[in-house]
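Two complexes come next, and they have one chain in common, subunit A, joined by subunit B in the first and subunit C in the second.
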Partner chain A sequence: MRLQYIVQRLMWMIVSLIGISLITFVVSHIVPADPIRAVAGMEALGEQVEVLRQKYGLDKPLPEQYWRWLVNLAQGDLGLSIRTGQPVTEDLGRYAPATAELALSAMFLVAIVGLPLGVISALNKDGPLDHLSRIVALSGVSMPIFWVGLLLQIVFFARLGVLPADGRIDIMISPPPRVTGFYTLDSLLSGDMQAFKSVVQHLILPAANLAFGSLAVLTRMVRSSMLDVLGEDYVRTARAKGLKERRVILLHALRNALIPTTTTMALQMGALMGGVFLVELMFSWPGLGFYAMRSITLIDFPSIMGVAILMTTIYAIFNLLADLLYGLLDPRISVEGGAE
Partner chain B sequence: MTRNKWFRLLGLIMALGMLAGCATPTPEVIEKVVTKEVEKVVTEIVEVEKEVTKIVAGTPVVEKVVETKVVEKVVTATPEPAAEPTERERTLIMSYPFEPSQIDPHAYFEAEINIPYNAVYESLFNMWGPDGEFTPHLAESFEYSDDGLTLTFKLRQGVKFHTGEDFNAEVAKWNFDRIMGMNLSPAGNLVRYIDSVEAVDDYTLALHLQNPTPGYHKLFAGNWAMKFVCPAAVEEHKTDDDPWAHEWFKDHMCGTGPYQFVSYEHGQQLVIEKFDDYWGAWEDPHFDKMIERIIPESSTQRMLLTREEIDLTCMPLELEDIKALQQEKGITCKSDPTVLIFIISVKATDAGETGPIMSNVKVRQALAHAFNYDAVIENIMGIKGSRISDMLFTPGMEGYDPDHFVYTYDMEKAKELLAEAGYPDGGFELELMWLEGFPDYPRIAEMYQADLAKLGITLKVFGAPPATFLDRIADPATTPDLVLRPRAPATITWLWIEGWTKVRFPPGGLNEGYYTNERFEELYQASTKEMDDVKREEMIREAAAIASEEVPVIWIAAVNDVMCFSDSLAGFVHSPWYMYTYWPYNLYRE
Partner chain C sequence: MGAKRKGKAVGSADLFPEVQYAQRGLWQNMLRNLRRNPLAIAGLVLVLIVLSLAILAPWVAPRDPLEVDLPNKLLPPGGEYLLGTDDMGRDLLSRCIFGFRISVRTAVSVLSLACSVGIIIGGTAGYVGGRLDNLLMRLTDMFLAFPGYILALAIAGALGPSLTNAIVSVATVWWPWYARLMRGQVLSVKQNLYIDAARNIGASDARIVLRHILPNCITPLLVLATMDFGIVILVMANLSFLGLGAQPPEPELGYMIARGRLYFMNQWWVATVPGVAIFLMALGTNLMGDAWRDILDPRTQSR
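Up next is the complex of A and B:
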């Protein structure tokens, strides 16, 4: 049944992707622009521009262009980037690992800080820690992400000099040989501890910047769920049975409090992917955001659509995982919908 | 709050503080002052034996006595050899805000890589030096045939590519074949004028021209001059579908320059290192390695320069960051003139809704008088700009007259001209489009908007990325009334004024105001064939005078290169003909 459910969701995901691709195609082509001429050079001769236009298939009618793109997509081909001239899949493969590394690091920070902070806040309701987490939450949702990034750079780099301001690795250290594209993993795989240390140092500020907003949301969500759960009868029963408080909190309360939190975390992944674009610019992080900004500036249709499809796919997968996790956390919930 | 809770809060704050303190600091550049003793006084106890005469029982007796003395000696220390510069000291780290789309010099030239470009690749001639003098480089001399149809270059001997092969006439000819075979943007100025290329002998290259083309040799110098790539690298990386190895050259480099390519991490950095067999030799101090870092944010570049993590910012930062850096010790921000200019192209065609208004020369002259040139430079551009005269030439070009000012900021004059044109109170709406990518443009546009409002003219302003910009100007009916953008001049003056002829109507050119004048066209055509320098200059001056009268363009400012750098750098050679770069070969650290 679960397998059937997964297959069904994947089918609907494909439908969503087609919808997203159509919207992106229409929007990017509505903008009056001539990306071919921009790439050919402002004073390129007409014939040179036409040669390039044919190469990228932009001399065909729009419906035919979209159909060809869909057919190629089914074969895993996202076309050629007008800006770089490289296959978009190759470009995405080059830039995506940096974004994935940053986003996963941020999610990790959100989880290891947000969950305990939310639990502690709930247990110390209206206490000093609860007030502190409220301040953090308010700051996280109200301060613009680029402003937080700038503050982090000024405090930790310019003033204190304890963390680097930008980049993925120290300029005088060679990047590790590429295996996964994740500098942390690749440096461990090659045994280069100097590179690993530098990579981790470079990850701290951008990951913290990216995590800040989501951390705030998650903390409040966990707090709220915990407060609901702590008032339930089964928690009172568990305490009455004489179970250790830690067991009551972690095994009985938190597990149930995580159910609504899981959805929040999946949705926050979407917010993270949105924020990653700005963070990458602030911290000179060579990821998808960096790539996408240049592509958008030059109205590079294939790249824009490639990034949109990739982001949508990631978001859809995380949502699916969240739904599946629901069922794991609470066996009463059937993935087909509703409690059994 | 109870006391316990206060203690817990205090404990949490202390724990957070300790955690932050435990973070391993990133290596910091620390300046150490070491005092070396060259001479010092040393105290020594010595025993000296001497003879002493004593009187013993009335008889002189000589005795040997050992005397202990404390002696001070001056000792000179052996001078220590100077410490070897560290790898960081031998490396130049520079920043650019954008990543180039690709780095094949025969495809599309991008300014985001100027220092590495000019370090790895070379052209036949150079225009380095503050006055942009035309000097030999890979070619030692040139000569035109009597009929002007053949341009012959004598090539320098002893030049090697980074792959080890010699640079000679055959290889130079092959490079021409590559550019014209790929037929991308840089081919334009070759295919239009060259009939064929001939390797006359090992070091003599002849270009057979379609027509006598005066000054054509100047195309082979400057920022956009043709560069020479390694044929061996092309041979190694070509494929059936890509016979010119364009795919490989998109993110690799191979030329004859003093530095050779090491690596390119997309979105991060490009690394080049010294080429030991460079024909220019390595007698003077030079850098061993250069790293170009891609750092989009101006504020980040400023922070990194302050903390010595980079040595040089290559494209102008935001004015606020430049001003802040000028206050920092150990950092200099230097402004050097370039031939790049900011202009407003003025629509001069009667096509489109505002055509009847804009085709009136009095209206265009009024618009030129309504622009506040000095305020723009003083308040918006700062040291990034300087006033430019309103001829059809730019600083550094032949014939430029720095005192030729016809259009000054004069609102009374502007009102008068509008009244003569039949619009005493304005009463119409115009559009101004700026090319995105230049942070000063929105403010310049808004300032102009405010001034035109005083004349009763409503100015709608907006920015456009390159792709949209080119789409809008493609049709005279849709081209905006005013277009704010940079303009980079050609090294040949008649090629520069071609920019305002029908030949350069979009697409295929940037005469986006669609300006044309019969006499101007005649003078342009004649100047492209006139081999006599004096006569040609007269024609061009007459054309310039017509353009000045008819205002197809408002000349805003000459753009200065403003590069900020650590005071430890030296060897700066700048030329107005090379943007966002110093001559890399000359740079070194003191």
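Up next is the complex of A and C:
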């Protein structure tokens, strides 16, 4: 029963989310620092601090605070950010599109570069190209992501001066009117080509930076699943009946090799979440990671918890998606793990 | 003791052959594979170089990594300072060599913490079984169900910036992998004839666990730890870069990059050199990890 499986997974997801929120809550509240003091300033009067503390519900005992937070969460309310004074959901809504745009662009890069690279190295197994791609892939997972970002900035911004190194758009150009929150789409929708050009230029380096590690993983994955598939009987049959090699590779082999690849992509999308923090910080990209890092420095609990919950949810959804896709694309696999 | 097992002839030579053979096979396999795989040899050489530099740092580093020499600040590589100097005129080569020492030490700490917790939790779950097993494994699953990196970040942020706190926070999200592996190992080792034999001659639980189960479970965990080594080094560098790891003036590589970032427009080497150091260290372990993976399961990707 697939539906039952999905429901089960969703239930487990909710349990996990509650557990994680509890961990984040406990951890972020054992800090001795006082966020209200940090916001109100050292010279604030005791009364003012008390009022603020009440406003944010920080005067209540911890278990009650947590319970309130959970009840509010169930109603789609993540509380007020101590730093910005805005509802956290609003803040997240403002910053999330930037992150989504960055992550999707990175994933796009991973797909268009990683797929051909993986196929080529599989076809040249143990040849020079294969070794080269192996070295590139292993190098990719051995470099600290922020260092790659820095190298990109050194080469393309400091030395060559061809691409910008921070922000989403040139400061001299006004951002496009907000429709989707994706600057690329919004600038196209408003027909502002100058803005569009600037947006794309700003997107290239951070997206490449974020794509870097996943690219290595995907290339290796495509290669190994291609090799598996190329050894299958139906590929031999296709060749035996005289099909052109190109047709064999593209129609018979690649299509089947894409099954595990899709799953890897979905899992990597989750893995990108970690990298987002560093890349956004490196490139002053005003997304969730940027928001989270600033919230962490001010110990802004509601925002930290909000980002953690959102990121976790996205991550869990992509993992679930990966599992479901696997079963969907390959009918031989039963997601329930039972016997066929 | 099932009827099947009773019928099996037990040679007097060795009461517990299977697992030990399997382990000997693993090491032999590793050696054989190493000889065939030039990249793995390169990895091994890199790792050995880094390890010896890390251990011998006080003797091989040309200068004191903390020695400030302001007139000679931001010198490019080459010349008197082989890899150049940073913004305080400190020798980058010496700082990188000591950086290896710190990285190796932190990675070993993280992995031994994660391993210990994993062995205790996974071992208990596997050996005791039943409800406790269920409970512990659900807990483990929960940790695995969400992005560990984000939790590590949150914990490190909450505990406050220091190297020890960073180690604790990373270990907190790292142990579940080891717990799961350990549980699986215990479950399979528990089935062995020699465990029954030990129990039948009256060995206590503690003796069975410590003498018979633990030694036979540990190899795969050590293999996983060597494969994780490079990743831990990178994660720790990330935390330091965010200011949540080692604090100045410690020559920690991630922090050195963060600092060097200020000079990326003109003095590119200040951030590039420590980055290369991290890269070489991680590349070495990853090359070896790749060889391990070929031996252990050639078809599937680990994790």
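In this text, the second predicted complex is superposed on the first by the 324 of 340 C-alpha atoms of A that agree within 3 Å, B and C clash if a C-alpha of one lies under 4 Å from a C-alpha of the other, contacts with A are read in each partner's own complex, and residues count from 1 in each chain.
One rule holds in what follows: a contact is a pair of C-beta atoms (placed from the backbone, for glycine too) under 8 Å apart; a residue touches a chain by one contact, two chains touch by 3 or more.
In this text the structure is predicted, and so the values were computed from the model without any measurement.
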item	value
First, second, both or neither for A:318, with subunit B first and subunit C second	neither
Contacts of A:25 with subunit B and subunit C, given as first, second, both or neither	neither
Subunit B versus subunit C as contact partner of A:294, first or second or both or neither	first
First (subunit B), second (subunit C), both or neither touched by A:51	first
Partner chain in contact with A:150 - subunit B first, subunit C second, else both or neither	both
Partner chain in contact with A:281 - subunit B first, subunit C second, else both or neither	both
Touching partner for A:142 - first (subunit B), second (subunit C), both, neither	second
Which superposed partner A:183 touches (first subunit B, second subunit C, both, neither)	neither
Touched partner set for A:128, first subunit B, second subunit C, both or neither	first
Residues of subunit A that lie at the interface with subunit B and also at the interface with subunit C	31, 150, 153-154, 158, 281, 296
Of all residues in subunit A, those that touch subunit C in their complex	12-13, 15-16, 19-20, 23-24, 27-28, 30-31, 131, 134-135, 138-139, 141-147, 150-151, 153-154, 158-159, 217, 220-221, 224, 228, 264, 270-271, 273-274, 277-278, 281, 293, 296, 304, 308, 311-312, 315-316, 319
Interfacial residue positions of subunit A with respect to subunit B in the complex	31-35, 37-49, 51-52, 83-86, 94-95, 98, 127-129, 132, 150, 153-154, 157-158, 161-168, 170-172, 175, 197, 201, 204, 281-284, 286-287, 290-291, 294, 296-299
Parts of subunit B lying in touch with subunit A, wherever the complex brings them together	1, 5-6, 8-9, 12, 20, 23-28, 87-88, 91, 93, 98-99, 101-102, 108-109, 183-188, 191-192, 246-247, 250, 265-269, 291, 293-297, 299-300, 303-304, 306-307, 309, 436-437, 465-472, 474, 504, 507-510
Residues of subunit C that touch subunit A when the two form their complex	39, 141-142, 145-147, 149-151, 153-155, 157-160, 230, 234, 237-238, 241-242, 254, 257-258, 261, 264-266, 268, 271-272, 275, 278-279, 282-283, 286-287, 290, 299, 301
